[in-house]
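The same subunit A turns up in both complexes below, where it pairs with subunit B and then with subunit C.
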Partner chain A sequence: MGLVDRLEKFRMTHRQMAILTSSLALLTIFISIPIPMLIGPITRDFYNEIQKLPPGSVVAWAQNCAFGAYMTKRDAYRAVIYHSFDRGLKTILYSFDPDAPQLNAALMAYCNVEKKYGAVYGRDYVIFPFLAGEETAMAAVASDTRVLKTDLFGNDIETLPLMANVRSMKDIALTINDAGSFTFVEMWIRQWPAKYGNRALNTMVFATVAPVYGVYVHGALDGVRGYAEYERLTGYLGVDLISMNARNLQGLAVFIVVGLGNMSWAIARYRKREVKVRPLG
Partner chain B sequence: MEPLEAVLTIVGMILALAGFTFVYFGDHWGYGISENIYLGGGLAYSLFAIHKSLTASCINLILAGRVSLIIPLLIGAGVFLRLTRFRWFARYAVSTLSGIGVGLTFGLYIKAQIIVVISEIVRGITTLTPDPVSAFLALFGTLTVFMYFMYSRMFGGLFHQRRMRYLGRLGKIFLYASLGYLFGKIYVNESLDSVAVFFVTYIYNPLQELKIFFGIV
Partner chain C sequence: MTEPTPTKLAPAVSRRVYQRQIPLFIVSVVAAIFMAEYFTGNPELTPPVKSPLTPVTAELSLWGTIIYAFTLLFGYVGLLRYQARRVQQRKTTKLAVLGGTCIGAAAVFSILGIVLPGGITGSQFRMWYTYIVAFAGGGMYTAWVHHPYNSYRYFRLTSIESATMFLTWILIVLRELSMFVAIWEPFYAIGTWVEGVPNTAVQRAALAAYAVGSMVLALRALVWKEPGLVEMEMA
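The block that comes next holds the complex of A and B.
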């Protein structure tokens, strides 16, 4: 059987495809494969936005990430926190998802900024409890930070030195948002950067901020690629570099399979043969 | 890591793998156990989160003397009256929530997602930024998509079947291109990300922690 005939008969079930991609992912986890990586412009923008803030500036993070998702990007978040603390920035972590307060607390425990930077809770960073209402909650906090009377640990907001000069979103230099859904990102853009003119960064999917990139949002970490690039850029390396390798190999395999599939279909069509597609499974 | 944490890490890893096997074997008992534990745990967690949120943002404040908060509490609770014979009251709750929602978003929506985006396109074409080709494509793409995709017109008008149908077709191509980008980005790129991060988060990370616990490293 010739190559063209073999190609014409090329078929793959979705189970075979899943086994192929999983095997490639597992391979890169246990065997280090050095694949070169270029730093993309939007990750560089993200880095530069933090880099150019003067020390002492306040960053507000609107967290709408679930705990399961947090576990997959913990090291990228750590890089953001370390980069902010390297620059002497103050961080306020707001929680707009029921998981977010525990997530924020776990993140700061993971970063251990008290030991690394001698940071003090209340002075250098604050974590707020979950505030229900999504867009209503974001609007309320933005217009008056005193909507939340206490922080996550029950401390009165008036006793927190960091919050003394932060009365509304006007006092925030930079906002960061993490949400996978378009709707939440749009709420954040409407209620924070569009209304108060803060610079804004996104840490999840670039597609959600693409229409307003350069207008309201000035940097983004676009999934695993963005996380890996940012970790490389800041020097705070994490597991996303491994994920990036896995993803690159899988992507290559997907491109090859899609290409072969299309060639198979085109040959069969040229020879006027009926293409039988096996059902999923 | 405590011994109990090590045991839980191993159990979690097995459950995660059991859940992932859905890709290969479809619905089976291992996946069922994993799914039910996840759903049950998620529900219990949400109930605690709702209780904590209600207590912190409403009930504690009412007990501290802000009695005016009883009104929004009653309106919010009114949503659940839909499940009873007093379902007529739910209309007031829903209309209040909708009214607040529309009031909160309307002006900012127009500004942030329509006016600014259009003005950016105009600015792009007048200043030829980020580059002349992109600026022209953004303007031309937006206009032709508007021509093709109009809710206020029946299909078959000027831009669909008559003299200007070529512009409409071009709009359709721009629309397909944007949907193709979204499909590629979200369904292909993100799914590749998820396979990679699944193995790193639920296999690699726990194995590293277990190696430290058992003193293998």
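The block that comes next holds the complex of A and C.
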């Protein structure tokens, strides 16, 4: 059988694809491939927005992510928190997903800012419990932070020094959002930065905020690549740099497979044969 | 002499009233309060003018959370009831299904047992989340591992439309993979341009379509031309 005939007969099932991509991902655990990485302008924007805030400014993070997703973002979040604390910023973590209170608590425990920066809960950062209502909840908190009477641990909001001068979103210098769905990002844009004019950063994907980039959103971490770039930029290295290696290998493999699939289809078409590919399932 | 056929008594309150009219009335009142609050206060002024309705909307937001919690509870109880009934009736004899059902139901009670002593901020619950939920949740994403199959299946140069989608995919992926950017840096800017310009144009057009569609839907609902889900279910 010649090469062209072999190419024509090339087929792949979804199971084979799963085995191929997971094998390549596993490979990167054992083999590290140092590939140079360009730090893009969107990640630089993200970095600069935090960098230019005066110490003592308050950052509000609207968290809409589920806990499972947190595991794929933990080190990038840590880099954001460390960068903020390096700059002397105060952080308020809001929870608009039922998982978010645990996520925020786990993140701050992971960062351990008390040990690293001598930070004090209530003075340097605060975590709020879940507030249902999605967009309504975001709007309510933005217009009056006292909608939430207590923090996650049941402390009265009036006893938290950080919240003393934060009455509404007007008192917040910068907002950050992450979400499991782009609709949450749109809600956040409508109710926080678009309404109150805060500077805003997003840690989901750039495509979601691209239509309002530079208007309402001023920096983004674009998925794993953005996280890896930011980790390298801040020096707080994490697992995303390894993930980029896996993505490089997987991406290259998928490119080759897609190319072979097209060649197979083109040869069969030239020979006027019907191409049958197994459907999903 | 034949016995009279028993007549079925009509319910005192029809489904239409408690499934549609009452919820619609509640939603309308709550929405009206929120809208009135927006127009009666002005946070832009110095000092900001607070609406007299703000405490009401704050209370309503709090009640939103409480109702949400009970809705979740209702959902969980319903799920448990369904699982228990499935085991009881043994509609399936597959051990894997029945075992999974039992494990799922037992897990709910185990988690309740973990949460009850210290609440959601207690160390037990936090440990459960950090060391079990986090990794199980992360593991769920491995189900996505076969997704690139769709790229292989659908990215074919069979028509102008599919070729356009294929080209867009290539340009984005070239930007996403640092190895290609390391070879030729402009791949980064090209991918960002695709997301920043054509993607923005499409998203804005879609948004305009949503907006017009929502307004038409709202107007139809106002004049009772839009039946809604409950009405369609009852039809």
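Assume the second predicted complex is superposed on the first by the 277 of 281 C-alpha atoms of A that agree within 3 Å, B and C clash if a C-alpha of one lies under 4 Å from a C-alpha of the other, contacts with A are read in each partner's own complex, and residues count from 1 in each chain.
Operating definition for what follows: a contact is a pair of C-beta atoms (placed from the backbone, for glycine too) under 8 Å apart; a residue touches a chain by one contact, two chains touch by 3 or more.
All of these numbers come straight from a predicted model, not from anything done at the bench.
When both complexes are superposed on subunit A, subunit B and subunit C end up clashing with one another.
Of the two partner chains, subunit B is the only one that A:239 touches; subunit C does not reach it.
Contacts of A:146 after superposition on the shared chain: subunit C is touched, whereas subunit B is not. When the two structures are aligned on the shared chain, A:194 is found in touch with subunit B, with no touch to subunit C. By the touch criterion defined above, A:250 lies against subunit B and subunit C together after alignment on the C-alpha atoms of chain A. Taking subunit B and subunit C in turn and counting the residues of subunit A each one touches, the greater count comes from C. By the touch criterion defined above, A:105 lies against subunit C but remains apart from subunit B after alignment on the C-alpha atoms of chain A.
When the two structures are aligned on the shared chain, A:72 is found in touch with subunit B and with subunit C. Touch criterion not met for A:31: it reaches neither subunit B nor subunit C. Of the two partner chains placed by the overlay, only subunit C lies in contact with A:42; subunit B stays clear of it. Of the two partner chains placed by superposition, A:3 touches none, neither subunit B nor subunit C. It is stretch 96-104 of subunit B, out of 96-104, 114-122, 150-158 or 204-212, that runs into subunit C when the two complexes are superposed.
Overlaid on A, the two complexes show subunit B and subunit C touching the same residues of subunit A, namely 15, 18, 21-22, 25, 71-72, 98, 130-132, 136, 149, 206-207, 211, 223, 244, 247, 250-251, 254.
Residues of subunit C touching subunit A in their complex: 34, 41, 43, 48, 50, 54, 57-58, 61-62, 64-65, 67-69, 72, 120-121, 125-126, 129-130, 133-138, 140-142, 145-146, 148-153, 155-158, 173, 175-179, 181-182, 185, 188, 192, 195-196, 199-200, 203-204, 207. Per the touch definition, subunit B reaches subunit A in the complex via residues 23-24, 26, 45-46, 49-50, 52-53, 56-57, 61, 100-101, 104-105, 108-109, 111-113, 116-117, 120, 181-182, 185-186, 188-190, 192-193, 195-201, 203-205. By the touch rule above, subunit A contacts subunit B in their complex via residues 15, 18-19, 21-22, 25-26, 28-29, 71-73, 98-99, 129-132, 135-136, 139, 149-150, 186-187, 189-191, 194-195, 205-207, 211-212, 214-216, 223-224, 239-240, 242-244, 246-247, 250-251, 254, 281. For subunit A in complex with subunit C, the residues that touch the partner chain are 12-15, 17-18, 21-22, 25, 35-38, 40-42, 66-72, 98, 101-102, 105-106, 109, 130-133, 136-137, 140, 143-144, 146-147, 149, 152-154, 168, 170, 206-207, 210-211, 213, 223, 225, 228, 244, 247-248, 250-252, 254-255, 257-258, 261-262, 265-266, 277, 280.
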